[in-house]
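Okay, so chain A shows up in both of these, paired with chain B first and chain C after.
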Partner chain A sequence: MTKLLWLVDNPLLLPDFWLEKMEKEKGWKIEIRDRESKVLNFIDYDRIFILGDSLSFTRERLSLLAYEWKVNPSKIQVFPWEEVKIVFPQSFFSILEQFIAQSLAKPLAPLVAERVVPENKVLVLPQASQTLDQALKEKGIETVVAPSSTLRREGINFHLFPSGDTVGAVVVSPPEEITPPVSFSSEVEDTRKLVDLKFMEKEIEKKDFRGETIIFLLPKRGVTEKEWLQTFYLSRLLAKRDRAEIFVLVEEVLVAGENLEKEYRQARSCGVIFEKVTFSSLFAQPTLDMRGIEVEFTTERDRLKRKIKADWLVSLPERNVLPFDLAPFFDSDRIEEAILPLANPNLSSFSPGIEGIFVSLPGEEKNLVQVIEKYLTQGIVRERGRVEVNEEKCILCLTCLRTCPWRAVAIEKERKKTRVNWELCHLCGLCASFCPAHAIEIKGLSFEDWLSPVSLGGEK
Partner chain B sequence: MEYDLLIIGGGVAGLTLAQTLQDRLKVLLVEESSLGGVASSLGCKATDECLSCGVCHFVDLKREIVFRKFNVLTDRKITSFAKSGNKFQIKTEKGEEITSQLLTVATGAAPLEVKNLSRLGGGKLPRVYSGWDVEKGLNEGIISSFRDFSSLAFIQCAGSRNFKEKRGYCSQVCCRYALRIAENLKFSFPQMNIDFYYMDLQILGKKKEKLWEIADKINLIRHLPYEVKEEEGRLSLLFEEQGVERKKYDALILSVGMVPSPGTQQTGKRLGLNFDSGGFIKSYGQGHTSCEGVFVCGTACGPKDIETAREEAQIVAEEIWRVRRG
Partner chain C sequence: MKIVALGCDKSGYPALLKWGEKNASPFEEVKLFSLPCLGLLTEEAIFRTLENSDALLLAGCPLDSCHNQNGSRGAYLKVKKVNALLQEAAIPKKVAVAFVTADKIGEIEKVSQELFWGEKNDNS
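Right after this comes the complex of A and B.
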């Protein structure tokens, strides 16, 4: 007697008469359970079927279920309800019968779903900023400092040369390109009145700026929310406390943040003048006595030319995150391209698409560390033994190496053989479908399951 | 029924919170209509390239709901809140009585209705769309119905950044969604004239560079029109650039901002929480509110986009876990 379990949303879909008929004719003892109800022992069943939306039950999620239920992942099958509901009930039952017969005909592959937990250590490349370092420390994640080491994959972890350390994750903190909002001549810098926001923060506590003129210069790109808030706050304080004359020259004002709009309004009501100017027409030169900076600009609104003698010019730089080239650090069979902090919405946040590598962006360190902590403590569930390379068929063309989006395929250096790293494999099947020699087998799934460009040609 | 945490509201924030905490705590989520909230009705804004609008994060969340059934009560309005000791007792309209140690308000925000913007022709004149309607119609191909228009204008900050009407906050999402819709229109109809009336471009978050590129392509006018009239079958805008001018368009899109949803206002009032000046529930950092044991996350405590709402919900989840564990 074959014992089958069906997990369904609506038990009425599979009526009793059909179950009795199957038991009599085929010898299948079918049990029906609601998906919400707790099944205590999954091991007893020969196959477990889920009647549901196949998009929600991706292969990765099925491995997770297999791990929780402690069963062989190839025992679990999804019957795509969204495909068959249009033929319900006419041909539904015959399709169902066929589906069960087909999956019972396939032999079970010896697979195990396992939880892989990475080492609780992190390498930061090229070096950690203070905020990142602090955030990692708060969560108790150990950081390894090894700026000139080489990384090699070892399962889910990274092995470092020459130090011999093993880390579970690598955080890339890409360099920033810092450019001033407009180019200043060296004479302007010689006046020593061209300062940054940090300088103003310190000076404001010691010095009285009574009667002086101060200009803030903020570019539209690459100024953080915190810097905007600080500018609003400082300018307001200077205008109110010291009665200084404050101009904030900007292209756009950023108010899309917590409290920003409020602070902006307050600064304006205290007499801070916000002037929108085109930075290309902005020009700065030192005054004749070298005690100040003369700033000339055209207002965007009225196209008026104005010249202001400023005692201080506070200029905030434009910051752009640059791509980080991982290739010199990464010892892999395939060349790693530079990691861009570009977001692909289909990847989890901060991930550049390589398992275990995270990209740190300025201002988002806290969220990043949370993501890393989750990855390092919970790990991932993967299937051991699902993918196998037939070494006799393999012609070492490296197609799989190039197609694998997760960089799970490696060439063993000494033996010159292809190997699929099961800890990194996401079971997408691309390697198997592209392999011209059909040397890669995904157990429990027939070749037709991957609708590959090769198989569509009809040749096998 | 006794729970560790009761989440009110099943939008992106509430669902993310439930997803993060359901393995660790006994969590119940109560939703007054169906799961999904505001994000469920938005459409993907990709052209031939992804513009990172973040709507697919919700699709992912939806799959998660199907995959792993959450402890959820839908179609339930909460009729009463009571606090006894340090526990909350909640009754629903269908008669369930729920006891919970902690509460989280994730009742979200709603788009401002255009009928409040009659000065700009909202709800009065034909072919005046709200950005929200366009977003909702993206999946049904609303863009193709704009085929016959030769000129179109976006009006930003419709209802936001307005202290007189007690909405003195920036809604944060409108500049970005309007630019994405503009890119969609430009992509489908390259000959269409698109003007963009605005105060300041609020471009932040992911794919900033792409959004700046889009902004360079369209005609930006830094002024908000005074009024909109219908003249000879077209919409005429009165605005000021060099002097006072009138310009005619075939259609208008009002980029409406977010206002606290009725549920947020009601729940906040019943629980006696502090509100900020915009009418959102005041958050004192990491989701704490003025009432002990009550947390807030998502757009109930201020406008934000889908991605930020998800990230914030995860941070609040950690904080709740820390508080519960003691």
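Right after this comes the complex of A and C.
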């Protein structure tokens, strides 16, 4: 007797008469459980089907479930309810039957979902800043200092030569370039009214800015969250306490974050004027009496030219993170480009798209270390055995090596063979779809698998 | 016109479902399928899907925010190749790809209209 488990949202979808019929006619012993209920032993079942909103069952989630349930991932199948619900109930049961039959007809691939946990150590390249070092220490993450190492990937970890150390993550702390947001003439600097945020922080306690006009300049790149908060706070205080006239000129306001948003609103309600300005159109010169700075700019909102005589110009530097070349550190032809975090919102933050490599950005060290800590302690669930290279078919063209976005394909130098590093593989299928020799198989995720389970109406 | 619509399970499929709910499809029949990533499509798979349909509509993550970095790009390259081959062989079928996020379906609407009206609409 074949034992099947169906996890469903709504048990009414699979009525008793159908279950009895299946047991009698097909020899399928089908058990129905609510999707939320606790099932004690998943191993007992030949297949586990999930019925109901299939949207939330992405590949990663299924791997995770297989790991939690301790079953072969290819035993779990999501019935594409959304694709068939329009035919409910007419052809629904015949499709369901067909779906089960097709799934049982395929031999199970020998897959294992495993949690891969990296070594709890990091290497910082080229060297950790004080803040980063501090943040790592606070979390108890051991750092390895080996600035002239060569790295080789070993599964999820990195092996260092010549020291022989193994680290789970590499943090790249790229060089940064600090420039003023606008190039000010020396005359402007001579007024001594061009100051930085720290100056304001200090002066605000001693000095009364009553009736003065103060302009804050915040560039788009490299202003940290702390600096934003500080600007909102100072500008609010100056506007409220001293009734000073405050302008905050920005290229973009960063209010992503609960605190930031709150502070921003409070500053505005105290009369601080925020103005979006293109800094390239901004011009500053000393006032005639050299006691202030005259700032001229065009507002982005209404394209009006404005001229403001400021008693103080508080300017924050623009910090540009420069690309960092990883190639010299890697014993591999796969890490060839200079890295910076990808601007891909779907990748984990600070990630340049390479598993285990993180980019440290100034001002973000604390958040970065949190991400790293989670990565190093929880690891990731991956499927062993899902992607396989057929060595006989492989013509060693290295297309897979070049197409894999996760750099999971490696060449075994000694044997001159390509191999997929399952610990790094995200099961995207790119390598298999580009392999000219059809040498790569992604078990259970091939064309037949994703198209045929239920082609509507049964015809193909 | 009967089409098959394939979407990746991160962005494309949820968006296709939304599009379906809106009843904005100009097609007579749409068969919907999900797959883990558009990147796993091969030219062969595309041709085989076209055997049973008049057109194929793919929906995947936006190029710069693909969950698998290059999945959508890979699909885009293949779609271009397949369309060129179809045109060369004078087969009146077409593949189109829409880059969408799970909750923004405007691109599917646009691409499906283009697919439905064909070249005529491109010029107008």
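The rule we apply is simple: the second predicted complex is superposed on the first by the 297 of 460 C-alpha atoms of A that agree within 3 Å, B and C clash if a C-alpha of one lies under 4 Å from a C-alpha of the other, contacts with A are read in each partner's own complex, and residues count from 1 in each chain.
Here is the rule we use: contacts are C-beta pairs under 8 Å (C-beta built on N, C-alpha and C of every residue); 3 or more make two chains touch, one makes a residue touch a chain.
Note that the coordinates shown come from a computational prediction; the quantities given were computed from them, not determined experimentally.
Asker: Taking the superposition as given, does A:Glu252 touch the first partner, chain B, the second, chain C, both, or neither?
Answerer: Touch partner of A:Glu252: chain B, not chain C.
Asker: Is A:Phe434 in contact with chain B, with chain C, with both, or with neither (first, second, both, neither)?
Answerer: Second partner only.
Asker: When the two structures are overlaid on chain A, which partner does A:Arg265 contact: first (chain B), second (chain C), both, or neither?
Answerer: After superposition on chain A, A:Arg265 lies in contact with chain B alone.
Asker: Is A:Lys393 in contact with chain B, with chain C, with both, or with neither (first, second, both, neither)?
Answerer: A:Lys393: touches no partner chain.
Asker: In the overlaid three-chain picture, which partner chain does A:Lys417 touch, first (chain B) or second (chain C), both, or neither?
Answerer: neither
Asker: State whether A:Arg221 touches chain B only (first), chain C only (second), both chains, or neither.
Answerer: Touch partner of A:Arg221: chain B, not chain C.
Asker: When the two structures are overlaid on chain A, which partner does A:Leu55 contact: first (chain B), second (chain C), both, or neither?
Answerer: both
Asker: For A:Ile442, select first, second, both or neither according to whether it touches chain B, chain C, the two together, or no partner.
Answerer: second
Asker: I'd like to check the shared interface: which positions of chain A are touched by both chain B and chain C across the two complexes?
Answerer: On chain A, the overlap between the chain B and chain C contacts is residues 55, 57-58, 342-346.
Asker: Quick one: in the complex, what on chain C touches chain A?
Answerer: It comes out as residues 9-10, 13-14, 17, 31-37, 39-42, 44-45, 48-49, 52, 61, 64-71, 74, 78.
Asker: Under the stated contact criterion, what part of chain A meets chain B in this complex?
Answerer: It comes out as residues 35-36, 52-53, 55-58, 61, 220-221, 225, 252-258, 260-262, 265, 276, 300-301, 342-346, 349, 366-367, 370.
Asker: Contact residues on chain A for chain C in the complex?
Answerer: Touch list, chain A to chain C: 54-55, 57-59, 80, 82-83, 342-347, 353, 403, 405-406, 426-430, 432-434, 442, 445, 447, 450-451, 455-456, 459-460.
Asker: Across the complex, what residues on chain B touch chain A?
Answerer: 50, 52, 54, 56-57, 63-64, 66-67, 69, 161, 163, 168-172, 175, 200-202, 204, 206-208, 212, 222, 277, 302, 307, 311, 314-315, 318
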